[in-house]
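Okay, so chain A shows up in both of these, paired with chain B first and chain C after.
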Partner chain A sequence: MRLMTHNMLSCNIKGVTNGFPLKIEAEKVIEKEVDFNPDFLRHMFAKIEWKDLVEAARSLGYAELPEDSPDATVIESAADESLLKKLHHALLELHLEEGALVCPETGRKFPVNKGIPNMLLHEDEA
Partner chain B sequence: MKATLAPPSSLISLPRHKVSSLRSPSLLLQSQRPSSALMTTTASRGSVAVTAAATSSAEALREGIAEFYNETSGLWEEIWGDHMHHGFYDPDSSVQLSDSGHREAQIRMIEESLRFAGVTEEEKKIKRVVDVGCGIGGSSRYIASKFGAECIGITLSPVQAKRANDLAAAQSLSHKVSFQVADALDQPFEDGIFDLVWSMESGEHMPDKAKFVKELVRVTAPGGRIIIVTWCHRNLSQGEESLQPWEQNLLDRICKTFYLPAWCSTSDYVELLQSLSLQDIKCADWSENVAPFWPAVIRTALTWKGLVSLLRSGMKSIKGALTMPLMIEGYKKGVIKFGIITCQKPL
Partner chain C sequence: MKLKQLEGLLGDLQQFSNPKVELEQYPTGPHIASRMLFTAENSYGDITDKVVADFGCGCGTLSAAAALLDAACVIGFDIDPQSLETATLNAEELEVEIDFVQCDVTKLELKGQVVGTVVMNPPFGTRKKGADMEFLSAAMKVASQAVYSLHKTSTREHIKRAALRDFNAKSAEVICELRYDLPKLYKFHKRKEVDIAVDLWRFEPRQN
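Let's look at the complex of A and B:
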């Protein structure tokens, strides 16, 4: 599971109001090289929850992203791609292979096996 | 906001019927389920309470669906490729298509669905897409490539999710698409995050159509579109409370092998969307456009390769194959309809 996906997943247990973002318990993290595509990153930038991404990246051992969200104009400008490359790496190249996603409100753990999160709820949670 | 029904040229006129059969718990319980589940009819018609047994049979259905696709996906992909849905054909086309012709028809189904929903004119606005009941990700990868959008797919089958991710990696689409195991009735997403919500032939698996539609609507962004393409039963006529017993019997036999809960009609979906104040609701009956599909699937099953693969794949696949003529019968007799329902969430 890459962080682009994690940035969208939330805990949907009945009654939970604060199910996002899910905390990450990382047991196995791998890096998969992905072709750098600045246009795609720019296209998606507005939708990314920056602070949550920064924290998630730290859970996977990557601390290069700046704390504060860069201005949209910085991302748009063609000049400096170093920030975009860090974003690219955090968002798309870090993969949680084994571990769990933890609901911030209930502590419920959703397992991640072979890179696939299992978000199925139990009967009493739906 | 008042929901408006905008009739395109292909819209069939929907007979009005008072009973919305899918809201009654008895519809939840009257379907065929895998034999291991318990059936109960203790919930009275019109009551809102769902019994504990009904809840566990929903669990059993979920497991049955997962196991079915765990077992049969590989076989389907081997023979038909990565799109697990009907092809779209010109009606009355008598030309017998080659394998690649059917593959193209499956792509055409995606394109026709997008076009029907009015999505093709809005490419730049589509950034995030969810594929509900994504199979091995054929639609997701296609749509992500087409719009340069991010697409997330959900399926009950871990085998499908893994295969879908592997195919994405092989096609260098890992940065755009990802797949996870999740329940369409309890989607692990915040409200309103998807510009396009896509359900291609998965609605028929949902035991609670009202909950299913509510979830689809919940995760749609304001201004976003929902596309549901699904197997339905025919619309009920005025005064009809349910299908004829022989019709129900035919569907029940199909339900058992394909792990389907009770069927509903296209107009049931329209009513649900209307009740949730969606706008620009459109629907159509594409049964004529999918007529060549099941005969083609049966033909591929009867080839040497098909038979050998079926035998290797297991009982669920074999039973599924034996059920396919019932699908043809259902379409021919007007019981089964191939429906598309699309709408837009108000801003």
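Let's look at the complex of A and C:
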């Protein structure tokens, strides 16, 4: 599971109001290169939760993203793509293979095995 | 990529080894899958460079098609772990990146407007009544750009009404009618194969 996916998942246990973002417990992380697509990343920048992404990337061992959300002009700039490359790496090239996603409100762990998070709820949680 | 090439690649994918009848697990054949995604991209620009979600992805046929048509990011959602294992193998075979999530899509809470397009071949509701509508409702909440879905032609009026009135659709169009060849998969199937008329729909959600 990559962070683009993690950035949209939240805990849907009945009654939970603060189920986002899910904390990450990483046991195995791998990196796989994919093609850099700067226009796509510029488009995505406005839609993702920056601070949550920074935290999630740190959980996967990647600390290169600046803490504060960059200015839109930096992202739009065609000249300097170094920040976009970091965003690309964080969103699309880091894979959580084994570990867990943890609900911030209840502490419930959703296991991640072979890269697939299991978000199925038990009967009493639905 | 040409349509024939896409169809060929999808035809090589592994399908359900032990399909579960209660989940209405039927493979989406390469003929339908290739045409569905090819149309979504060539006529509407809804796949290439977009974030695409596949609801009820099964063995990942539609997800694979989206990835082969250069979606920027593809995520397949399904409730069945065995199917997801097969889907993972299929993605590896094709050397495409697809994220898979095990969940009940009808109970999913997805944050934000990241997903652009949802593609799906949902259960028709023959085992669990209303399953087709639940999938459509869930998809319309998640997609910011378009939803592509297959439904029995016999439900056409019902689907159109529900989409426009209850599921926040700005538009609901049948793009084409296809024949879905279902081979004899389950013991209760009497005929060797059966041909069902299905509609390929394109729904546009209203901006939230």
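Assume the second predicted complex is superposed on the first by the 126 of 126 C-alpha atoms of A that agree within 3 Å, B and C clash if a C-alpha of one lies under 4 Å from a C-alpha of the other, contacts with A are read in each partner's own complex, and residues count from 1 in each chain.
Following the convention adopted for this analysis, a residue touches a chain if its C-beta (ideal position, glycine included) is under 8 Å from a C-beta of that chain, and two chains touch if they have at least 3 such contacts.
These numbers were taken from a predicted model, which means no experiment stands behind them.
Novice: Give one of first, second, both or neither to describe whether A:20 is in contact with chain B, with chain C, with both, or with none.
Specialist: Both partners, chain B and chain C.
Novice: May I ask you to decide whether A:48 touches chain B, chain C, both, or neither, giving the answer as first, second, both or neither?
Specialist: A:48 sits against chain C, while chain B stays out of touch.
Novice: Between chain B (first) and chain C (second), which, if any, makes contact with A:123: first, second, both or neither?
Specialist: In the superposed model, A:123 contacts chain B only, not chain C.
Novice: After lining up the shared chain so the two structures overlap, which partner does A:4 touch, if you call chain B first and chain C second: first, second, both or neither?
Specialist: Both: A:4 reaches chain B and chain C.
Novice: Which partner chains sit in contact with A:77 here, chain B, chain C, both or neither? Use first/second/both/neither.
Specialist: Once the two structures are laid over each other on A, A:77 reaches no partner at all.
Novice: Would you check which partner chain A:32 touches, where first means chain B only, second means chain C only, and both and neither mean what they say?
Specialist: Both partners, chain B and chain C.
Novice: Same chain A residues contacting chain B and chain C, which ones?
Specialist: In chain A, positions 1-2, 4-5, 8-12, 19-20, 32, 34, 37, 39-40, 44, 47, 92, 114-121, 126 sit in both the chain B and chain C interfaces.
Novice: Within their complex, state which residues of chain B touch chain A.
Specialist: Per the stated touch rule, the residues are 55-56, 59, 62, 127-128, 148, 150, 152, 154, 156, 158, 161-162, 165, 169, 172, 174-176, 178-183, 185-190, 193.
Novice: For a test of understanding, state which residues of chain A touch chain C in their complex under the given definition.
Specialist: On the chain A side, the touching residues are 1-2, 4-5, 7-12, 19-21, 32, 34, 37, 39-40, 44, 47-49, 91-92, 114-121, 126.
Novice: Show which residues of chain C lie in contact with chain A when the two form their complex.
Specialist: Within the complex, chain C contacts chain A at residues 49, 51, 72-73, 75, 79, 81, 84-85, 88, 97, 99-104, 107-115.
Novice: Within their complex, state which residues of chain A touch chain B.
Specialist: 1-2, 4-5, 8-12, 19-20, 32, 34-35, 37, 39-40, 43-44, 46-47, 92, 110, 113-121, 123, 125-126
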